[in-house]
Amino acid sequence: MAQYDLPLEQLRQYLPERKEEPDFDDFWRETISESLGRFEPPVFEEVDSGLKLLKTYDVTFSGYMGQKIKAWFIVPKDLKDELPCVVEFVGYGGGRGFPHDWLLYVCANFVHLVMDTRSQGSSWLKGDTPDYEPSHGPQYPGFMTRGILDPRTYYYRRVFTDAVMAVQSVAFLPGVDAKRIAVAGTSQGGGIALATAALAQGVKGLICDVPFLCHFERAVKLVDSMPYAEISSYCKVHPEQTETVFKTLSYFDGVNFAVRAKCPALFSVALMDDICPPSTIFAAYNYYAGPKRIEVYPFAGHEGGGSYHTRLKIQFLQEIFSLREV
Amino acid sequence: MAQYDLPLEQLRQYLPERKEEPDFDDFWRETISESLGRFEPPVFEEVDSGLKLLKTYDVTFSGYMGQKIKAWFIVPKDLKDELPCVVEFVGYGGGRGFPHDWLLYVCANFVHLVMDTRSQGSSWLKGDTPDYEPSHGPQYPGFMTRGILDPRTYYYRRVFTDAVMAVQSVAFLPGVDAKRIAVAGTSQGGGIALATAALAQGVKGLICDVPFLCHFERAVKLVDSMPYAEISSYCKVHPEQTETVFKTLSYFDGVNFAVRAKCPALFSVALMDDICPPSTIFAAYNYYAGPKRIEVYPFAGHEGGGSYHTRLKIQFLQEIFSLREV
Amino acid sequence: MAQYDLPLEQLRQYLPERKEEPDFDDFWRETISESLGRFEPPVFEEVDSGLKLLKTYDVTFSGYMGQKIKAWFIVPKDLKDELPCVVEFVGYGGGRGFPHDWLLYVCANFVHLVMDTRSQGSSWLKGDTPDYEPSHGPQYPGFMTRGILDPRTYYYRRVFTDAVMAVQSVAFLPGVDAKRIAVAGTSQGGGIALATAALAQGVKGLICDVPFLCHFERAVKLVDSMPYAEISSYCKVHPEQTETVFKTLSYFDGVNFAVRAKCPALFSVALMDDICPPSTIFAAYNYYAGPKRIEVYPFAGHEGGGSYHTRLKIQFLQEIFSLREV
Amino acid sequence: MAQYDLPLEQLRQYLPERKEEPDFDDFWRETISESLGRFEPPVFEEVDSGLKLLKTYDVTFSGYMGQKIKAWFIVPKDLKDELPCVVEFVGYGGGRGFPHDWLLYVCANFVHLVMDTRSQGSSWLKGDTPDYEPSHGPQYPGFMTRGILDPRTYYYRRVFTDAVMAVQSVAFLPGVDAKRIAVAGTSQGGGIALATAALAQGVKGLICDVPFLCHFERAVKLVDSMPYAEISSYCKVHPEQTETVFKTLSYFDGVNFAVRAKCPALFSVALMDDICPPSTIFAAYNYYAGPKRIEVYPFAGHEGGGSYHTRLKIQFLQEIFSLREV
Amino acid sequence: MAQYDLPLEQLRQYLPERKEEPDFDDFWRETISESLGRFEPPVFEEVDSGLKLLKTYDVTFSGYMGQKIKAWFIVPKDLKDELPCVVEFVGYGGGRGFPHDWLLYVCANFVHLVMDTRSQGSSWLKGDTPDYEPSHGPQYPGFMTRGILDPRTYYYRRVFTDAVMAVQSVAFLPGVDAKRIAVAGTSQGGGIALATAALAQGVKGLICDVPFLCHFERAVKLVDSMPYAEISSYCKVHPEQTETVFKTLSYFDGVNFAVRAKCPALFSVALMDDICPPSTIFAAYNYYAGPKRIEVYPFAGHEGGGSYHTRLKIQFLQEIFSLREV
Amino acid sequence: MAQYDLPLEQLRQYLPERKEEPDFDDFWRETISESLGRFEPPVFEEVDSGLKLLKTYDVTFSGYMGQKIKAWFIVPKDLKDELPCVVEFVGYGGGRGFPHDWLLYVCANFVHLVMDTRSQGSSWLKGDTPDYEPSHGPQYPGFMTRGILDPRTYYYRRVFTDAVMAVQSVAFLPGVDAKRIAVAGTSQGGGIALATAALAQGVKGLICDVPFLCHFERAVKLVDSMPYAEISSYCKVHPEQTETVFKTLSYFDGVNFAVRAKCPALFSVALMDDICPPSTIFAAYNYYAGPKRIEVYPFAGHEGGGSYHTRLKIQFLQEIFSLREV
């Protein structure tokens, strides 16, 4: 079935029961503060990308527990004033790639940091950052079940903390107006951005395209596509761990970050998306606590609104940073 | 089989018999001169794309028989001197999309024209240009067999002429150094660029990624993927037209343009490409008459070298336009 | 899911809201009358098909705007009296093929006209008729989105008018009892037949097997199979045109023809049909304004009742033309 | 790979080693004579098919060991003289269907017998004849391995004998010119026809479209599609029986019948056929001992030449029965 | 959709209308008593399987109408006392395989009989038993529609009777405690075991994993996977037989055996099983008349709980045979 | 193509060029000796598996660098004498599962150790052992590219060392005749067993079924199935690392272990195996330096000879341990 999930009118009302452990906030407060305690300012070095209109920097910042995470930082060549900054996170399996993979926001006159996702970056865009932690138990191939039996060992604890630290780090980079920072991402990147909007201080805008990592319990029942199916495959082989798995995931569920985020947000959802089901995205969107807007693409799959939606993202950033009259 | 075509060492030597009608050059000379006779300078209008580092123009130029073809023209905002120009053609099913879909070359300080492909632009990037001609007979869904029973009515006669006229038109656009024009494209875009390099005056460089439209006779025997399979499907239903079909195609075969092109060229090929088989690309490359280089991606499919290869394209342009020491 | 659409009991009641523009009837009245104004009697020529029990004629009739459309006309060899006539339309991608592709109705002692579908006839049965109009804008490969931004330029405006003119033309062919004309078709052919039953004068019966082109809005949400997915693919790339697209389609929707047709009709539907979803067919059937019957095949896909259903079609024709006691 | 088998020039020369047991001829002589010993003239009864130009008869003839096999017999309504007769066999999984499924040859003024294939007739065209024998051991789902451990119990021993008996029986049907009998079939039907041309007395022509049941040893190595894969699946589970299996199959291999048949033959082959590989068909064709012709469809799959090829079959019959000047 | 059937809470309540012919019990009473009338004690012979901890016997017992059915009988080498016995049936397409395929129950100190399924045993585990009956009409490839037009000729009448006779036979084998016999099976084996629990005297336990052959009418509407789709394919080709087919199947439907079985039962079901839909299994389970338990695997397909579930089966047997404290 | 690799006669001769770094032996000598330096005797504990004929032990032994690796150790309940021991390794994605997953060898009167594969055990059989090392760089989902840029960090360095240490450990377990140890495995397990036969002291037999991890360079060109395609996917994204990747893999290639192993070996290969191509297996087999035998399954895929082959493995063990007359 092409539009296989709930009808749009039901999606717009969809507010499933949220499951959240009592120590959710404590868990994240301790996690973040522990890594902040190891914070060091980012190191950066200009690289020659051949993109003569821009300056591109290879950045190394301190992520989870001070571990070294790579990023690209890209600014207009003739940077004079401080500019609003977009901190971007990458989709599942990809890494930071090359500077020329990230030209949109800088051409729109923002400065732009693209965070490498640890251990990924080998399925499409290349990455340069290892995961510094061991696997903490058996896992299904991929990243979704690495360390999944405990929120403290779960892979995304490190990734989300890296993302918060990335926001923390940009203030130290040249040309960044630290009062105007937005986070952005598509699919996994959207899930990371949503978590970051809730966890990091001072995020002023959220761009969240067809986000992954939302409402896991429904997602795994609804689709058998990767990467959500990494979780169901794991549970199939370890049925006795099912409850533990979903308890861990509740600490990383976009639905639980949505109720905590406050900045203006632009979401997108595609009604034929069989990777990130529409209802899981609406679950997060409907719970989202800040000013919000969602663009619905009725005939798209996980590619979402594509370059049509790109225009709306630029306009959104211009609006929230008062660069444009609405 | 992952690498299903000939082994690389044989690919590098592969020079299949070329089939070319005696009036090949006459056909194209008359085709081009007829359209040149209807040439009018392009009309262009600046559009607000939100990309503040750039200026973007909506261009309408006179293509085949003077028909109006759309394009984007993109230049650095603070354009002072004339810059080398890249004229780019789009892959099958796509159109010119939006200006923000084309940021690479301008960020590398080239000016850039992206030609819309008539009647396409509805499978991925959107297009804005109709095909002004009727279908001239039954056809398989798509563009490969539109008017295929006569080279004069064949769809690509119009497209290739549009492309030659695009090169002719850029000299009239602001900031173009008409002595430094390169053509570029991927897949169908690569096939169009190759033909244009042979047919248009004054092309100084060719970027030809995983080109389509080369060595049709082998392609249709080797793969059953679209769009080459549009041709075999047509021949299945019209077996009595097979000879006519391939005679028409010989006027549009990249192998026959390759022996006529003289400018420096950078090709790419992927050994697991089941859309554009490696041997059909090497057939064109091995016959190519100008200075040339080919980058081989042994483990890629039709996506080719991706953003890894992007760097080589920027370097190639810098070299041929003496913007870089080799 | 094998029977993926609504349960049969709900299908039998299914009457979705119809969307119809106020000028629907004007649009078609003007369209038909304009082409009738250019009507010329059909030209026909006997051909040697080797089928010695029959006479077969290659027919050229004047279709939309007088454009020349091909057809086969087939009659028993020893034709004495005027016989009832079946005018048949072909499924998507097919053309009129060869005379020997159409032996059923003549063996049952009807005369039979098979209309070529302009520009199709290259996916399965061969065709011989071009589309004489240009593409009027970009399109997805196929015929579903050719000229779709305006009902006046839409491809099926021409096809449906061709079909009405075919009915108009048969009266001029030898042996046709012009008072006993039925229209028939399967899939796209069923959709054309349904429209023709509503638009043409004097149609006395309708055979409508697993019809395509009905209730587009539901179809594109329910299935992602071709050819309905040509429409959703187009809307994915041109989301800003979605409303325009469905407004155009409303002029061509079998549901809107169903309420206008009055002749006896035999429909068929297959409950596992994932090309033409059962609910879209029942939508047309339930709205159908004339005497009607529908045969339900619970276990078939788009192949429908196959040769089992053939018997019912012959019986239906015998009944409506009083050739058989019921 | 689209044309995945040998290149056409090699196919035309392809003469693999034939494997044949010394008692091949004895086996078949005894098989046929035993069933002939139980021969009884066919019983037939006119049925009302609604096809008023024809007479259609429900036939029951005595097949293997006198077992009752169903068939349709179809003749022109105003049959005066004796006419040449086409005895046709059906493709895998199909049965005799309905009389209206078989209109071609009678419209071309031949009389036509269509034999039901025992126990099949439930995958596409319906059948009406059981297999009267038990399974003689375990089998893979389908008919290819029923009784395969001994040529005497093998399913096709019964089917081929039925076919020979069908030819024997037609002489008893009204209007048959017993001196002008041809056998015909597509896929499995082609394999049965080829065997029958070799085994039955007095067959004067053979139409053999994309025949199945030829050169089993190569077929099972080359394709993993059904129904050849029934054999390889069986051998996978019973590896110790592999030699026995192929010994049995050698008694039923079209290659071994080809060297024994003498009548004029028209073959067809499709170079993209992944059900019946081209080389297995050329193996039979190249060994064929009578006057012969083969039509090659380079771009077709197992559907072969479709209705384009139909014309050639009518012409072939007219030629061999001197109904047409060549 | 991953969990495509009803939600678990609805599955637990699912009690569809049962359809049962009035002579259901008579049919089975006569069937069983007729075969019991031909009962002879099993013949068995020790075979050297290389499994030195065990003794393995090749058994031939009298099944349906006294026909000879093969089985393996496996016991601990140093068998002293009589042990409880597990009689096991095999999944669709498989046969009894080799003794080393059946080590679980004997290692857990049960004696174990594995029944060969007549005519199967060529898709995965090898079999050694023919079906002694002819096909009784045309059939779809496989076993589901063999003789399906009459319950007396239906294939599973023979298989279920074989199974009842297997239980009858084990009392004659060495070391069997005839008062402690359980039946077990997975998929088809589960369906056979369920029928046997209802039909055979003295069965004391039932292990029924992801059973096939339950609630046919829903199954064929819900899934198009084999082997249920053999039935829908048959009905597609023989639509006039649909009612007859489902009437026959009602005599073999697990739902109708469930209401008749009385022994303790352990079921399993997998919520992503697209071979045996969860609702068809719950239909049988919810109707089951004896003490019962069902283990639900939310993330598994037809493989069910795999070796995780194996532990529960051993525990269940220990409980019902009082070998373990609960 | 069903048998898509080289013909069998060529496979039997296939000896591709081996690529081996000069420090291959040093690398492994140091690797093993470093871990041996941290060796501690295994810890084991009896567990109640319900398998009353056996005793089953949960074993923890010291693997790579002394890291704790889990295993099952299974012996006959009434173990009197020391028995030959089979050390088994598991296929890709699986772990040690449950004791009841491993009943074959113990029923044949061997003692049996099954090693858990670190970090795997979540795709089919469950595992219980983490990988104690971090990822050392980005990786494709799975285990094939974890740490692949350096043989010292590569995942399989740890796994192969674990396997050698498992052999070292069994001597400390009850009932093991340390002079009669064989290693065994299927697919990945076969690759590990082959490496272990070469690297561990005192291995007396090798059972190597359809081994994975052999002749990587050909495998990745020939098949695009997982898990070999993890490597090609990685190289697609990191083309500049291709040489480094294959240099690393040369230290882990079964071909290079084959020339170093000396014990008797039983291989199996399936000619339709598209996971582990036949030529890669024959490459290892043909280079194998000890007494050897290979069983060829012409019609099987990666499932190989299944339970048919099981008999040959028992016989092989009986022969090499002189338990059977040959």
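A, B, C, D, E and F label the chains in the order they appear, each numbered from 1.
Note that a contact is a pair of C-beta atoms (placed from the backbone, for glycine too) under 8 Å apart; a residue touches a chain by one contact, two chains touch by 3 or more.
None of the values given here were measured: they were computed from a predicted structure.
**Q** Could you tell me the least number of steps, going only between chains that touch, from chain A to chain F?
**A** 1
**Q** Which chains make contact with chain A and with chain B at once?
**A** C, F
**Q** Compute the centre of every chain as the mean of its C-alpha atoms, then state which one is farthest from the centre of chain F.
**A** C
**Q** When the centre of a chain is set as the mean of its C-alpha atoms, what distance in Å lies between chain B and chain E?
**A** Distance between chain centres, rounded to whole Å: 63 Å.
**Q** Between chain B and chain D, what distance separates the C-alpha centroids? Give it in angstrom.
**A** 50
**Q** Would you mind listing the residues of chain C that make contact with two or more other chains?
**A** Each of 1, 124-126, 233, 237, 306, 308 in chain C touches at least two other chains.
**Q** Among the chains present, which pairs are found to touch?
**A** All chain pairs meeting the touch criterion are A-B, A-C, A-E, A-F, B-C, B-D, B-F, C-D, C-E, D-E, D-F, E-F.
**Q** Can you list the chain E residues touching chain C in their complex?
**A** Those in contact with chain C are residues 1, 4, 220-224, 229, 232-233, 235-237, 239-240, 242.
**Q** Considering the complex alone, what residue numbers of chain A touch chain B?
**A** Against chain B, chain A makes touches at 49-54, 76, 78, 97-98, 100-101, 103-104, 106-109, 124-126, 306-308, 310-311, 314-315, 318.
**Q** Hey, which residues of chain B end up touching chain C in the complex?
**A** 93, 95, 118-143, 145, 227, 230, 233-234, 237-238
**Q** Name, in rising order, each residue of chain A that touches chain C in their complex.
**A** By the definition above, chain A touches chain C via 1-3, 271-272, 297-300, 305-306, 308.
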